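Next come two complexes, and both contain chain A; in the first it sits with chain B, in the second with chain C.
Our next item is the complex of A and B:
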C-alpha cells in the first residue's frame, strides 16, 4: 500500500471572512466553524479562538488535538468509520495542513484532560505549543452525561479538522513524502537479508471514557489485528479517551505516529518494516491474556525478528505491556518497549505497575509525577479553575495569580509513549 | 567563595601505600594530592580550605570513632561542601568515602560528593544516600573524574537543581529525574531495537525493578463471626470530598464513619477518582464500596459485622510508595480495632 502525503506548511492562523489557505496562512471564518459545532444539539454554546507559538496563552482542559487533513486521491476520506464511510484508506494522496491543529476544549468531561501552554516552561513539554491552533470551546447542554459529552466533543473536533483540511484539497503541497509498505511476500523478496520488524501499537481501551476507535469500532471490541502504517496516516485510528493528558495519544499523535515514521526511515536500509499490529488494553484478565496471546501470535505469523511495543496510559495497561513483552520475547522475537513512568513526585517510587526480566530494552518518556511550575498566562482559553481536579493537579494547584503547581501529568502529550518527544528520565 | 573540605586516603596524600593504611585521621591546611586538580577545576568559585587524610584500614577498622573525629575536624572549618575521594576501584577507600560523606551530610547537613567506580563495594552501599560520581576503575581516570565531580560539586554547594544521573555523571540512585534527550523516544526505540537485533550493546532507559509479591493470609475460619472492614482505591468519599483526595496521584487517604449507614446514595457519597467515567459510581457508590450488601449480610448473620470505618484513597497514578505508606498506617488501626478481614475494592 502506497500513500503520498503532501504537506502545506502553515506559518500563521488568522480569522477572516472566508476560510482559505494563502501563502502559508490559514484563514478561518469563525462563524462557519461555530455553526458546524452547533449542528450538534448537545452543545448549547460554542466559541472559537486562536493560539499561536510563543503567545502568553494557556488552553485547558484540553480534550483532543487533531491535525487537518484531506484525501485528494484514492479511496475513502479521513477518519473513516467516524465522519466518512468505512472505506479502506491509506493509499493515494492526502494533503496535510502541517503546523496547524484543532484543539478541543470546553467544560471538563472527566478529570483526565490537559493543559497546553503556548509559551513558558510548560510549552517545552508539549508538542502542541509549536502549532498554530484553532481552539474550539464547546459548552454542553445541562445534564449531558460524561460519555455523551465526550462523544459530542470528539465528533466536533473531527468535523472542524475535516472542514479545515478541505481547504487544502486544491493546493500544491510545499513538500511531498511517499510511504509504501509492500505485501509480506514482496517484502521478503525485496529485502531478503534485512531483519523484519513490526510495530505493536497498544490502543487505550480501558473503557469508561478510556476508548480508542479503529475505523469506527471501539478498540475494546477488537481482536488484535494488522493494519498498514499508511492507514493510520489517514485517520483510521482516533482518540476518544480521557486518560491522563501526558500519556494519552491524541488523534494528532495517531496521524503522526513517530514510531511508524522512524521505522519507515530505516525501511529498506537497516530493517524491513512489515507493518503494524494493533492490540488493546482491556481491563479484564481474560481480555488481557487473549489480546497478548494474539499479538504474540501475529508477530510470529509475520515472521518478524523484532518489534517495538508502545503503551498508552499507565497503571493497569502496564500489565498488558509486560504480557505483550513476555509472550513476544518467548517466541524468540526481540522487543523494545516505549512507556513512561509514575515514580512519585520525588522519583523514588516504583515506575511501573508490572515488571519482567525479559523487558530489558525500555525507552522512557519521563516521570509523569514530577512537579512543574507553570507561570500565569495573559490569556486563558477554556476553564482554568479545573487545575485542582484534573489528573496531576491537587488541592492548591491553582494559585491566586493564575500560576499552577502540578505534576507533569497535566500537560497534554508531555510523556507520550509513542516516543513523540525527547523527554526521558534516569 | 564556597568553602570545601576534602577527604583522601594515605595513598593519595602521598603518605604511603598499604604499609601506612593504619594511620589515623589528620588535618592538613589547604589542598593536597587530587585536591590540586579539583581546585583548578573550581577556578575562583570554591576553595579547598582543608584536607583530611586517613588510612583506609584505620577508617574501616575504627569506623565509629573515625567518623566522630573527622566530623569534628570538618566542623571546625565551617565548609559549604564536603568532597571525598575519588576512590576509583579501591574497595576500603570507597567504603570510607561513602561512609564519611554520608556521616557529614547527616550530621552537619551540608552537601557532600564522592566518586568511585560503579563496581566499588562502596557504590552499592551508599549510592542511594549520597551523590557518587561514576569514575573509571583506576587513578588513570583522575582527569575524567575531576571533570565530572567539580561542576556537580559546585551545583550542590549552590543548591542548584541536580539533573538526571546520565546528564550529571553520578551513579543512578533510585531517584528518577526527567531530562531532555537529543533524539525523540521513537528514534531511540528504533536504534535500541537495531542494536538488540544485531547483538550489539544497548542500554535500557529503565532497568526493571524487583517486584514485591505479597503472600495471601490464611483463610478466615468462621466468616459468620468475622469483623469485616472495607478499604477501597476506587475513591468513594462522602459527598463533596471533604479531605480533597486528589483525582490522581493521591497524597492521602480518608477514614470515614459509616455507623448506621445502610446504603450509599448519590446524595451522600461520590467518587473522587479521576481514572474512570464516574457516572455509574456516582449514581450508586455501593458499586465500588459494597456497604449495602455487607449490611444485608450482617443482618442475615452471613458475616459477623461490618467495621465502623472504611478507608478510601484514589488508586489512579498513585505512587506505590504512597500506597504502601497509607496501608502501613491504617492497617495498624484495623488490627487495633479487632478487624479480622478486609475487602479491598479497586476500579
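Our next item is the complex of A and C:
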C-alpha cells in the first residue's frame, strides 16, 4: 500500500471573512466554524480562538489535538468510520496542513488536566506550542451526560479539522513524502538480508474518557490485528482518550506516529518494516492475556526478528506492556519498549507498575512526576475556572499571580510514549 | 465478586452481583482484595486504573472470582505491586474534592468496572 503525503506548510493562522490558505497563512472564517460545531444539538454555545507560537497564551483543559488533512486521491476520506465511510484508507494522496492544528477543550468531568502553554518554560514541554492552533471551546446543553459530551466534542474536533483540511484540496504541496509498505511476501523478497521489524502499538481502551477508535470501532472490542502504517496517516486510529495529559496519544500523535515515520526512514536500509500490529489495554485480566497472546502470535506469524512496542497511559497498561514483552520475547523475537515513568518527584521510585527481566531494552519518555513551574500567561483559552481545580485539587497548585506549580503530567504530550516529544531518561 | 468503596457500584449492582462494600479508602479496597486473594480467590480485573491515578481518585472497584482455589501467585504479585504503586502517589490532593468531582470520579470508576462486567 502506497500513500503520498503532500505537506502545505502553515506559518500563521488568522481570522478572516473567507476560509482559505494563501502564502502559508491559514485564514479561518470564525462564524462558519462555529456554525459547524453548533450543527450538533448537544452544544448550546461554541467559540473558537487562535493560539500561535510565542504568544503569552495558556490553553486548558485540552482534550484532543488534530491535524487538518484531506484525501485528494484514492479511496475513502480522513477519519474513516467516524466522519467518513468505512472505506480502507492509506493509499493515494493526502494533503496535510503542516504546522496547524485543531485543539479541543472541554470540561467533561470535574477533574482536569491538559495544559498547552504557547510560550515560556511550559511551551518547551509540549510539541503543540510550535503549531498554529485553532482552539475550540464548546458549552454543552444543560444535563448532557458525560459520555455524550465527550463524543460530541470528539466529533466537533474531527469535523473542524476536516473543514480546514478541505482548504488544502486544490493546493500544490510545498513538500511531498511517499510511504509504501509491500505485502509480506514481496517484502521478504525485496530485503532478504535485512532484519524484519514490526511495530506493536498499544491503544488505551478502558471506558469513559479512556477510549481509542479504529475505523470507528471502540478498540476495547477488537482482537489485535494488523494495519498498514499508511492507514494510520489517514486517520484510521483516533483518540477519545481524555485522561493523563502527558502520556495520552492525541489524534495528532496517531496521524504523525513517530515510530512509524522512523521505521519508514530505515526501511530498506537497516531493516525491513513489515507493518503495524495494533492491540488494546483492557481492564479485564483475561482480555489482557488474550490480547498479548494475539500480538505475540501475529509477530510470530509475520516472521519478524524484532518489534517496537509503544504503550499508552500508566497503571494497568504497564501490565499489558510487560505481557506483550514477555510473550513476544518468548517467541525468540527481540523487543524494544517505549513508555514513560512515574518515578516519584525525585525520580528514585520504581518507574512502572510491572516489570520483567525480558524488558531489557526500554526507552523512557520522561518522568511524569517531575515538578515544573509555569509562569502566568496573559491570556487563557478554554475553561479558565478549571485552573482552580488544578490548583486546589489535582495536579498542582495555582498561585495568586496565575503561575502554576505542577507535576509534568498536566502538560499535553510532555512524556508521550510514542517518543513524540524530546524528554527522556538514562 | 466485586470489592468496592464506590456506593454507586453497590446501588447499581447490589442485586445482581456479590458485592463486598468497603467503607474506606482506595488502599482499604486493595488490602481487602489482597486478603481475599490469600484465601484463594483469583483477581479478574487489574487493581490499578488505566491512567486515573490513586492520587486523583479515592474510588476503586475490583472484580475477583467467587470461587476459591489454590492461591494464584500472579494475582498476589499484581495486588502487591498495586499496593506499592499506591504508596508512591501523594494523596494530599484528594482532600479538596467537591461534590461534583466526587460524582464524576464515582462515574469513572463505575464505567471502568462496567467495561469488564459487560463481557
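Definition applied: the second predicted complex is superposed on the first by the 406 of 426 C-alpha atoms of A that agree within 3 Å, B and C clash if a C-alpha of one lies under 4 Å from a C-alpha of the other, contacts with A are read in each partner's own complex, and residues count from 1 in each chain.
The definition used in the following text is that a contact is a pair of C-beta atoms (placed from the backbone, for glycine too) under 8 Å apart; a residue touches a chain by one contact, two chains touch by 3 or more.
In this text the structure is predicted, and so the values were computed from the model without any measurement.
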Review point. With both structures lined up on chain A, is it a clash or a fit for chain B and chain C?
Key: clash
Practice item. Scan A:181 for contacts with chain B and chain C and give back first, second, both or neither. Key: neither
Exercise for review: Have a look at where A:220 lands relative to chain B and chain C in the superposition and call it first, second, both or neither.
Suggested key: second
**Study point:** Which of chain B and chain C A:129 touches, first, second, both or neither
**Key:** neither
Revision key, fill the gap. The chain contacting more residues of chain A, comparing chain B with chain C, is B
Check your understanding: What is the contact status of A:248 with respect to chain B (first) and chain C (second): first, second, both, or neither?
Key -> second
Practice item. Return first, second, both or neither, reflecting whether A:319 touches chain B, chain C, both chains, or no partner chain. Key: second
Exercise for review: In the overlay, answer first, second, both or neither for which of chain B and chain C A:84 touches.
Suggested key: neither
Exercise for review: Based on the superposed arrangement, let me know which partner A:286 touches: chain B (first), chain C (second), both, or neither?
Suggested key: second
**Study point:** Touched partner set for A:204, first chain B, second chain C, both or neither
**Key:** second
Practice item. Check the residue A:357 against both partner chains and state whether it touches chain B (first), chain C (second), both, or neither. Key: first
Review point. Where does chain B run into chain C after the fit on chain A, at 188-196, 278-286 or 296-304?
Key: 278-286
Practice item. State which residues of chain A lie in both footprints, the one left by chain B and the one left by chain C. Key: 110-111, 146-147, 206-210, 244, 314-315, 342, 344, 349-350, 353-354, 389, 392-395
Practice item. Flag every residue of chain A that touches chain C in the complex, lowest number first. Key: 109-111, 146-147, 204, 206-210, 220, 241, 243-244, 247-248, 281-288, 313-319, 342, 344, 349-350, 353-354, 389, 392-395
Exercise for review: Over in the complex, which chain C residues touch chain A? Could you list them?
Suggested key: 43-53, 55-57, 63, 78, 81-82, 84-85, 88-89, 93, 96-98, 100-101, 103-105, 107-108, 111-116, 119
Review point. Of all residues in chain B, which touch chain A in the complex?
Key: 164-167, 172, 174-190, 192-194, 196-198, 202, 204-206, 208-211, 244, 246-249, 251, 273-280, 315-317, 319-322
Practice item. Give every residue of chain A touching chain B within the complex, in rising order. Key: 110-112, 124, 145-147, 195, 197, 206-210, 244, 258-259, 261-263, 265-266, 270-271, 305-308, 310, 314-315, 334, 336, 338-339, 341-357, 359-370, 389-395, 407-409, 416-426
